[in-house]
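Once you scroll down, you'll see the structures, which are given as structure tokens.
Heads up, the next two complexes both have chain A, just with different partners, chain B and then chain C.
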Partner chain A sequence: MAIIHDMMPAFELYQPSDLDGAVQLLDRHGDDAWALAGGLDTMDWFKDRVKRPKVVVDLNGIPELKGVREGADGGLEIGALTSLTDVVSSPQVREKFPMLAEAAATVATPQIRNQGTLGGNLCQDTRCWYYRGGWPCYRAGGNICYADTSSSMNREHCIFGASRCVAVSPSDTATALLALDASMVIAGPRGERVVPAEEFFLGPGIDITRMTVLQPNEVLVAVRIPATFAGARTYFEKARDRQSWDFALASVASAFRMNGDTIAEARIALGAVAPTPLRAKKAEAALRGQRISSQVADAAGNAAVEGARPLRHNGYKVPLMRNLVRRAVRGGPLAGEGQDAAAGG
Partner chain B sequence: MARAKLTGTDYTPPDLVAKVTGRARYAEDFRADGMVFMKLLLSPMPHAHVRRIDKSRALAMDGVLAVVTAEDLPESDPLNEPLLASEALYEGQPIAAVVAVDEATAADAVERLQVDLEPLPFALDPIESIKPGGSNARTEGNTIVRKSTDDGVQTVVERIEWPNQLFRDAGEDVLPLGEHQDEWTIGGDVEAALAASELVIDETAYHQSLTHHPLEPRSAMAYWQNGKCTLHCSTQSCQRTHGVAAAAIGIDPADLTLISEFCGGGFGSKIVGTVNMALPAVLSKQVGRPVMHRVSRYEENYFGRARPGMYIRTRIGFSKEGKVKALDIFAIQDNGPYGRQGDLGSVGGVASLAYQPDSMRFRAVSILTNTPPRAPQRAPGGAPISAMLEPIMDRAAKQLGLDRIAIRKLNAPREGAKFGGDLSRNVTTAYTHEAMDQLAALVDWADADRRGGTRSGSKAIGTGFALAPYTAGASGFDGLMVIRPDGKLEIHSGVGNLGTHSFSDTSRVACDVLGLPWEEVEIVWGDTSKHLPWTTVSAGSMTTHSMSRAAHAAATDLMQKLQEIAARDLGGSPEQYEVDGGRVFRRGSASGGLTFAQAAKRAIELGGKYDGHELSENLHAATKVAAAAMAGQGLLGAAKDEYPRNGDVYTFVVGFAEVEVDLETGFLDIKRYAAVTDCGTVMNPRSLGAQLHGGGIQGFGLAASQKWVYDPRWGIPFAHRFYTARPPSILDVPLEMQWGAVDKPDPNNPVGSKGVGEPPLCAGAAALLCAIQNAVGEVDLRRLPIMTDNLLTAIEGLDPEVPVLTTHT
Partner chain C sequence: MELFQRASNPWGQEILTHIDWSLFWWALGVGVVFAAIHLFLRRRLRASEPAVVAGDHGGTVVRHTGAARMFHWVMALSMLVLLVTGFLPQVGVQFPWLTLHWVFGFLLIASILFHIVHATFFQSLRNIWISFGDLREWLQEVRHSMGRGPGPARKPGKYPVDHKLYHHAVTLSGFVAMITGVLMMFRIDSPIWPRDPYRFSDSTWGVIYVLHGLGGVVLVTLTFAHIYFAILPEKRWITWSMIHGKIPRKNYLAYHDPERWPSEEGPKEEAPAAAAQPAKAQGG
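And then the complex of A and B:
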């Protein structure tokens, strides 16, 4: 554990002006290097002296990593260094995928959204307070999970997907992008690769020390959102303790393609309940071909939390997640007098 | 009564422009030639003996000037918080300090210290400690007691232990009524009174320990010149911090200049600063260079003070009309590792005042824990007891079929109400009914009451109404001011500037006495080299009441001297002269007379009492030193407040909250908040509104968002940053917030004022909890804060995750 906090150690700073330069630098320095985007997650680690790279590669001077562009299929491609504020206010995002703007708008505070980037929000590390406090846990290369013992404080930890580690994915935009079936464009020394959101985020069962498939010598370049769910019926909600500067206790993002008043295709993503943003595939299956009703919503909610395994202090996440999925199907909270506002679409 | 011209009106305080333009200089904004930096090594264990700290690797680094541990400092009383600990009593306690040319080097040097610690058993939870076999927070025991011995009163550490049988008999979630340290009563046998009551509610609740979280951490910078020390620090009270800081540094106060012109919040955590501010001064002397210690948010969580947590069991008996017949309170205080905290006393005192029980018993015990040092926090003791008992009053009203305001009116104290052990104390004014009526009208209570408890879809609507008293003033301090030969009135204020404007609000009283425009005044404050009078600590809502008295006394002294000088020079008797508009003139002829400038020059010529060469005997020694230094500079006003005070000054705040609880997510949406106060005469309306609303919001945090979380196995906390501790953000505050004031003067103050720092917090917390209870029914409010998880657990009927008698989860 770090013995002193709030004081950043020295490092060598590189500020490449193009992507190739950034990749070369990362490749040259390997595990000693750290890619810097908005710095919100990064500076916390550095100031607490828990993560101590020798080299920092600042991506902020690379123009091609910024901006929102029309995608080849009519969807969108958003540069990874685009600020969350720019994502929220982008007319294209608001028109085609308003749910992404809604999700990005729930991140932290206006100041943090001005500085924080979409790529950074997706790649940020987990907020497990044992791990971030520098405890030598599995995720930090040790041989114990401090958050999953009989006396651990794990109110904010996972109810799905535990595998030695019980930390959760903290990203609000990841949940939205998973529901929108986005892909991640990654540049590395051997060129570009495109990875679907579902494969981009890694659970501890695959690699306990990383949250994503990004290798130390790779850069997340952009997010591609296909046209599939442009203009679809979508829903996003983040439950949290405070209305600003707080991470999700649970979040839901859903995108339904409708065929008249029945659901042709449903994608539902759950946030902050598993080490990765999680597809609620049973709920999705339960919705396919159904007309929207409170009964269908209830069934989807129940299906979404099937198999949930709460820890000592997070049992509340099960009904919370279930209810958020119900709301996603209904299109909102249970409306006045117990009536179902969204019945009939 | 003074001509009220300024008192009661909005104005721009003299510190405001600097604050809002970023030009205000706080402790860490100061620089001195050759300044170097200090960093601390904090204990990584909750309780450990420091066997050895090897400094050699740190000292070998370029740029490291000094490494200091407890061994290098004078030995201190083990019961008092040391500058650096040889036995760490909480995780995060400073155990070594490094001074280096810059902070990065100092931090690197801290990492190179080789630390050998012997871990000792630790206690985080008073309940665990008091059980048989429980750990002691200190090697010698788990509680601090004062004992009378042959050598006088001694403070010692002892162990207090309750037998297992006591817990078994009480049952789960009920605080046993075991051996205690404090006890007092009102009226007859409380058990008999409970037995005779129509309705008895028996409840155990747990209130969190909470860090104060002032926005400005307690940074400090010090340097020495010619054997004298200058210290820039962050403190609530300026004049009263001076001696405390000098003692902590180990020097004569005459050798210390303390500068604290601005203080970015304290809430009780910086009443007279904290011991850490002495360390840069001590180390500056050692290295011969100015030393800056910038305290980080993380460190602030550790040695920045916290409110003591409290387990309280209350048994309260009502008559069928709703009158409180019997009140039996037993409290266990989570004391932290050092001096016994006074919150407990206020728990009983506030309860006895607020509910005026016929019969009462108060018992308490304070248990040491290996958690950060405690200090009073805004409404110490009052906040937990008001937040606990107000929802109980609502439940009683419901069971007895009474209106929620009616039951409060039936029990609320009125003018002169007696309270405390044996009813030995009495309040001055208490316009509680007036405040309740005003708030009820402001929020349309009849309608709000009907709305409460209704549902709309997933939203449960709740309304809450709460009354909270808290102490609001003392007396006996000194005022000091001088009319200079340029005609300006220079007021020397020893009050700290913790953001409430009380340092200047109280100065306006002097203007009103003299009929002087505000533009003709200069306030000198925030620097002990500038001759400050004996002043109250800025804590416990004391300043406005206490120092408006002192300012009134000194201004009255000035007025008399002006009249005497005029009579001497212009003929007639002093009583024939009037003072107004910067002149002293014969009554009825405002054109003649003397200007203040002329009078000041005459005072200097006359000397003696007029220019401060002779001082009133009854002034405090500190005021005499200050006044002597000002002698000869003009017409000096210096007086002790000897106005009568017929009782304890208490301010009352009633709060109203309306909430929507989302039954699907547990989300608590505070829709509306309003507060009305009886704080005597309103001094500064805009600032009063800020106190009522700001305190209310802080109460929301206590009730519904802020907490400590500790891993019980390792004794290490997690909520040590703003985002994990979760004080309310601006988006957690309702858009609709209102306030009002009864604005009736308290005759025990020359301008009628009472302080208003503390009770807004109690009213905010209590009204919010009442509203939550009103929204979702008999939800478990026993463990604060009531957050998303607690609410959803209760709504869904899930088992609570932890028993009531548990801390820091």
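And then the complex of A and C:
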């Protein structure tokens, strides 16, 4: 099990000033290298001495990784090293995709949002404490899931998509970006590739030791959000144990393109209930062509939790998720329905 | 080079977790080196083989029944899928491999159960069973190919000794991989039975995973060698027999002892003098 130390093990620090230099460094050092963005996830790993890279490549000196830019199609491109605070306060983001600003604003605390980056929030590792404790679980390269035993504390773990590992994706912005049909721009030794958000995150059935498709020699450069849902009807809600500095127990992000009163296109993403941010495709199908009503919202909520398989301590996530999806369809809680009501049946 | 991966469990005990995945590359490398050495020695090995007498020696002889061929190809497909789904994710090619892996694992088990019944009750186990006499003849043949010893060994029956050795190696490594694979089904969700990852202690699971991996890497080498021999021009008549079931009678007479392996049709004429010379054992 990990022991918190005062000092991190020594490593070589590189601070490239351009993207090519960063990619070359990562490529040269391979699995021995670690790409550093805001450092908030990184420092935990290093101080716990669970991750001990020989080389750290600090991406903060690369200007092209920062800032919010207009996209070619009228959408936005946000540099991966743009701070979460800058995402929250960006007029362009707030105008076109206010849901992303809302999601970013729910991350941790103001201090952490000042230091944390959009890319770091997307690429952070899972918070499963059995894994982060340094135990040899599947995700750490072993052959067991300590979070899925008869005596495990698995209240925060997944109800969908378990494949040996039951950890969840902890990113709030990932849920919003999946609903907005964003794509990730990745730079590597062989050039640039663009990966849809839905394919960017990897479940344990594909690779049990990684959360994203990023290879050790690749850098997440930017997030591209198409204009498809610019100005659309969106909703984001994050349910957590306390209202600040906490990870989601469940979250929902939705984007609807309306045709009058009718939903022409719906995208709903669920967070913290699966190893990846998850599209609720059955709920989306239940909404397409429908007028918004309580009945339609109920149908979408029920469809969203179809196939859920709770663990011993996280059965509450099923009604919680159902109610979050209902709220996403209705556009918020019913009159008199407080935040706590989402956890009801 | 490490053979196994180890880790400390929550109780501070050092446990095995997996084979070291570099063993996959070593297994492939051993296969490539074996093939390279064989290619280098091939001309010399072929020089000691009997010449196949040209001419009509009565058409063909049945070598593999339809059921045996069906088993072979189902097993081959299963084995290839299992190796691809088992090892590619470990060397960086990521895809949803797990369901494919266990489904084809069960297909392999079903095909082998069929093979055991078929071979036991409808074929002669003696054809494939290896004896001390076989090993003595094999050593004699090896000495002969090196220009030593009293002379060539007697021609084999249906399967030469190297085929029998190969079959035994596949049987052993295959059973290790299959038995451990069935136990590993308790670790995942499947329609077979309820998941019970705590059936064994983590140290026992570690041994099971290591044995499964070892069986897998041995099968990588064996499969590579098998495919190599199957595509060699001088062995293609054997490969073709696994497709249409028959071998030319002239090959039957040249490479096999009809007394040890009476053909289904029976020899239609006496073996010619050249074919009566002892044959070099076939295959790898």
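Everything that follows uses one rule, which is that the second predicted complex is superposed on the first by the 329 of 345 C-alpha atoms of A that agree within 3 Å, B and C clash if a C-alpha of one lies under 4 Å from a C-alpha of the other, contacts with A are read in each partner's own complex, and residues count from 1 in each chain.
Quick note on the criterion: contacts are C-beta pairs under 8 Å (C-beta built on N, C-alpha and C of every residue); 3 or more make two chains touch, one makes a residue touch a chain.
These figures come from a predicted structure and were not determined experimentally.
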| item | value |
| --- | --- |
| Simultaneous placement of chain C and chain B on chain A, clash or fit | fit |
| Partner chain(s) touched by A:R326 [first = chain B, second = chain C, both, neither] | first |
| Chain C versus chain B, contacts on chain A by residue | B |
| Touched partner set for A:P189, first chain B, second chain C, both or neither | neither |
| From chain A, separation angle of chain B and chain C (C-alpha centres, steps of 10 degrees) | 110 |
| Touching partner for A:P63 - first (chain B), second (chain C), both, neither | neither |
| Partner chain(s) touched by A:G142 [first = chain B, second = chain C, both, neither] | second |
| Which of chain B and chain C A:R242 touches, first, second, both or neither | first |
| Chain B and chain C, minimum CA distance [Å, superposed model] | 6 |
| Intersection of chain A interface sets (partners chain B, chain C) | 1, 146, 149 |
| Residues on chain A engaged by chain B in the complex (per definition of touch) | 1, 3-10, 49, 109, 129-130, 133, 146, 149, 151-153, 155, 237, 239-247, 249, 312-316, 319-320, 323-324, 326-327, 333-339, 341 |
| Contact set on chain B toward chain A in their complex | 39-42, 44, 103-104, 106-108, 110-111, 113, 115, 296-299, 456-459, 662-667, 705, 709-714, 716, 718, 722-724, 726, 728-732, 787-789, 792-793, 796, 798-799, 801-802, 809 |
| Residue ranges of chain A in contact with chain C within the complex | 1, 135-136, 140-146, 148-150, 162-164, 202, 205-207, 213 |
| Interface residues, chain C side, partner chain A - complex | 5, 7-10, 15, 17-18, 89, 94-99, 187-189, 197-198, 202, 205-206, 209 |
